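Structures given as structure tokens follow.
What follows is a pair of complexes built around chain A, which joins chain B in one and chain C in the other.
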Partner chain A sequence: MNEMELLTWARGTALNLAIGLFLLGMLWRLVEIYTLGRKPDLAPPRKAEGATGWHTILRRSLSPPGMLKRSPISYIGGYIFHIGLFIVVFLFAQHIKLIQSLTGLYWPGLPSQVIDAVTVVTLATMLLVLFDRINNPVKRFLSTFGDYLAWALTFLPLLTGFLAAKHLLLPYTTMLAIHILSVELLLIALPFTKLIHVFTLFASRWYNGDINGKRGVPV
Partner chain B sequence: MTASLQKGINALKEVIDAPVASFFASCVHCGLCAEACLFYTETGDPKYTPIHKLEPLKRVYRQEYTLLGRLAKMAGLAKPVSDDELEAWSELVYDSCTMCGRCSMVCPVGNDLTYMIRKLREGMAVSGHAPEGIIMATKRTVDQGGPMGLKWPAVQNVIKHQETDTGLSIPVDQAGAEYMVLLSSMEVVNYPEYLGALARIFNKAGITWTLSSEAYEATNAGIQIGASDLAREIVSRIVNAAEKLGVKKVLSPECGHAYMAIRWEGPNLMGRPYKFEVVHVLEMLDELRAKGVLKMKDKLKTPVTLHDPCQIVRRGGVLNAPEALVREVVVEFRPMTDHGKMNWCCGGGGGASAIHEPAAEALRFTAFKRKKSQLEETGVNTMVTFCANCRITLEEAIDHYEMNTQLLGLTELLAEHLED
Partner chain C sequence: MNKEETLLDHMEREGMSRRTFLKYCASLASLMALPPTAAAAMAEALGKARRPSVIWLPFQECTGCTESLTRSHTPSVEGMIFDMISLDYQETLMAAAGHQAEEALHNAMKDNYGKYVLIVDGSVATGLDGAYSCIAGRSNLDLLKEAAQGAAAIVALGSCAAFGGIPKANPNPTGAVAVSDIIKDKPIVNISGCPPIPVVITGVLAHYLTFGTLPELDGLGRPKAFYGETIHDRCYRRPFYDQGKFAKTFDDEGARKGWCLFELGCKGPVTYNACATTKWNDSTSFPIESGHGCIGCSEPDFWDAGGFYKALSTPANPLKYVGAAAAVGVAAGAAVSVANRASKNAAKAAHEKTQLTDLEK
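Our next item is the complex of A and B:
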């Protein structure tokens, strides 16, 4: 297989396979989690302003009082790399074209220089949070193989995408193929690693907001 | 596997629901819950990270309810939860967790860790890994009526004394009263003035009330230890008595877990809503204040700060009444930096104060350093609170650190300054 054939395979068969596995895996996990259901709360609820699951979905995106100071790297690093990933994944012209070819949906992208800058900042921030994971006693204590795997699965597509776009290290075709394959790995693993939080965090926040909201506490 | 361990694991399987599964799936091991936990912030020991305390529950969830976990279990790759492990976890689930709920406020993916600790305790209790102190308190409540072994004649004694002190009569078993008043043992034993204070306030407001000789104890160690069957038995005593007397409302005392038990967990333990309303004493007092019935003859001159009991405020939802009431009766109020629903625990909630082993006690004093620095930051020497258990915990710690801090119960403070 030469590099052109590799790219064709990555873009075709492998992509379809990865998307299929991702959808099946997600469906399985969501069913596995949410069909467990929960018992109704029989205590008469107390009403309070802003105390619902929906409020918590939004509110929990901000740092609670006093927390930013206690863990600045988690918050600032967290904001930067999450927003950075969002921009690079969804606002890079090439990605929008791909999404358009798959779904027909499209939207305006950002100039490639902006994407380049955001990518570099995001890569650097991801290295910083990795360092923090190893350096911070609590994070190091909690970390398992899964945490480092999830980090690598996220970092690789970003790095290889950047290298491909900048024609660095390897011929463009090869690097692009590696980039696409790394995204496919990410897709397949996502439902079965902590990366699933991309989807489940909304439900988790909602539950928390609902459980405490019934007692009249906006959380 | 021992029979008790099997029972414990079955109990855990039973309490796992969609929220628990969603929470475990969402956790990214960011460790921010540790930063919200006084047992971590004051010791710096990562083992006190709240999500780590839930490890046994997480493993049971994975091994029983996820595809990958079940496959791993079948292949013999999953580490089963053992008796030794649960025994080791007792310190993490009881001694170093007061179910204060602060971690649930900060988790960025939204996990309600306290909700899960409460569930994990069900398995710990059934498998025999709950601390002796809380087991005994629960037993005494079931067998004798209260966690301190306090029986009705002792309450009658307090009633008599308070009637003499206030010159008011304290009604007992009066059917059709508006309020049935519950007490906590600690109040009866350590702060009997609470009852006299209530008598004066009810008299002033012209509200009918009664005590019940069948159900006077509001605290419920069953919810602290995590034994729903015992918790149900303790709650049903109150519910039966209140419904028999046909009262409109049941007044929960200042005590935090009592309120959690009777107001929020009770209907779920009973499996049905009550035929009466549950009101926390501060909610009632705040209503009277708003109506202008609760008028003060004078105010406390010394500046005060407020310790918000977790189970009443953050976990119970009585958010605004405490500050409004304190402001009514003091000249100068200085709130702590983290207050209200972000307040820090006294260190003795969730049954922790009933654990009398030296290591647990030492840990409580260490955790109290958080409250100590909060207090020192306000620069005042008088702290008002409204939970008998917080009060005992705080008093012990204040003695331990030889601090010059005076503690006051909010209801009594109000009664003392009430217009005659």
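Our next item is the complex of A and C:
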């Protein structure tokens, strides 16, 4: 298999499989989660200031008082790499073209120099966050294989995409194929790892806020 | 032109000055990224060159490669060099036909055994023992094996000879393969492209005449000097790519302003060739300059690489498993949900109420 065949396979058969498995996994997990069911809450809901699902979504997206100082790498690093990933994934013209071809939706992109800069910052931040995870004894103790896997599966597409765009290390064709394949790995793993938070994060924050809000507790 | 006449003699006879010839050698040397001294060496060697015998075998091809070389821009120095090789067998260009042509071929092979350059254009059919493509009752496969034996070097001209090209495209009914799939023991240079750029073949021939060797090749057997960089890297529309300015259709505002054709399916980023620098038709322009994206014709299997008008970042094929995957996913989710409920109900049924007396035990 030469590099062009590899690229065509990555864009064709492999993409087909990856999107299929991604959809299969996501629907499986979402159906499973949303059919868990709860007993009907018969108590009259209480009212308290800031005790709604929407409040919780906002509150938990900000750092709790004092934590920014105590754990700056987690919070600032976390913000930077999440926002960076969002920009790179959704505002790079080539990615928008892919989304358009799959869903018909499109929006304007950013110049590639901006994307390059954001990618470098995001890569550096992800390395720092990984270093902190290994360096900090508490975080290291709490980390499982799944955490490192999720980090690697997120880091690889970003790195290979950057190397491909900048024509580093390997010929562009090969690197682009590797980039696409790494994203496909990410897609397949996403529903079955903690990366599923892409889809469940705000729903679970809303749910926590709402269920506790009915009891008059802002969480 | 007799066999003993050198290239320089011939050029002088044709009214071409030595200065023009030297300029040509200098530009050829710089185009192939050779050191400046190579231009003089090239001029000297080419000037003295004595028409090496070239045998040109056409297999499953469309004559586009021949057209590219002979009609590109005449008269030209490339044309002169082309005149200067002793083209002993080329079905399209030779006056002889039938038995005479076959005789010319066999004489050339015998007289120049071990010395001739074999140019092949077109892919080699291997299906039905090669019966899909025959010349004078013999399969291309047979002819190639025989002609390759006495060749000093083989030039696989065009994407069909180099990589199988269009005959090899799915479903490849004739079992077409590239020259390098059959011949393993001879130096082969792949000059891919559909068709290849004329100056690339003259450059390779000049290099061979000057140094007696083939130029440095890339992983796919192509001369690095011409296939070292992508069309995209050398494209004059590249700044628009970097700025994110893309033509969305072939006649929109972006297209009129000459913006990048990536979204219209340009394969420039994955295509290694010299179109953007040497250009075509006497350096007039190249496909992207004429408003059409690169189709990637100098890459293996470009025909099956997911459609000429699909952007590189989009799926090569329509998604196939979406419906089935969604159905299986929902079914799996529902099955797990049913199992969850069953275990919840079982837990509820097995639940025993704790009495005050239990706590006092």
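Please note the rule applied: the second predicted complex is superposed on the first by the 218 of 219 C-alpha atoms of A that agree within 3 Å, B and C clash if a C-alpha of one lies under 4 Å from a C-alpha of the other, contacts with A are read in each partner's own complex, and residues count from 1 in each chain.
The rule we apply is simple: a contact is a pair of C-beta atoms (placed from the backbone, for glycine too) under 8 Å apart; a residue touches a chain by one contact, two chains touch by 3 or more.
These numbers come from a predicted model, not from an experiment.
Once both complexes are superposed on chain A, the partners chain B and chain C fit side by side without clashing. The superposition-derived angle at chain A (between chain B and chain C) is 170°, Cα centres, a multiple of 10.
In the superposed pair of complexes, A:Gly216 makes contact with chain B only, with no contact to chain C.
Counted by residues of chain A touched, the larger count belongs to B, out of chain B and chain C.
By the touch criterion defined above, A:Leu17 reaches chain C but does not reach chain B. By the touch criterion defined above, A:Thr8 reaches chain C but does not reach chain B.
In the superposed model, A:Leu98 makes contact with chain C only, not with chain B. Contact with both chain B and chain C is seen for A:Glu32 once the two complexes are overlaid on the shared chain. Residue contacts after overlaying the shared chain place A:Leu42 against chain B, while chain C stays out of touching range. In the superposed pair of complexes, A:Leu110 makes contact with chain C only, with no contact to chain B.
Judged by the touch definition given at the top, the superposed model places A:Trp151 against neither chain B nor chain C.
Per the superposed model, the minimal spacing between any CA atom of chain B and any CA atom of chain C is 5 Å.
In the superposition on chain A, the residues of chain A touched by chain B in one structure and by chain C in the other are 28-29, 32, 35-37. On chain B, the positions that touch chain A within their shared complex are 16-23, 25-32, 34-36, 40-41, 44, 46-47, 49, 51-52, 65-68, 104-112, 115, 263-268, 270-273, 277, 314-317, 319, 337-338, 341-342. On the side of chain C, the complex with chain A involves touching residues 220, 230, 232-233, 241-244, 246, 262-263, 269-270, 296, 299-302, 304-306, 310-317, 319-322, 324-326, 328-330, 332-334, 336-337, 340-341. Chain A contributes residues 2, 4-5, 7-8, 11-13, 15-17, 19-21, 23-32, 35-37, 93-95, 97-98, 101-102, 108-113, 167, 172-173, 176 to its touches with chain C in the complex.
Note for the complex: chain A touches chain B at residues 28-29, 32-39, 41-44, 46, 48, 56-57, 60-61, 64-67, 70-71, 74, 78, 136-144, 147, 150, 192, 194, 196-197, 200-201, 203-209, 211-212, 215-219.
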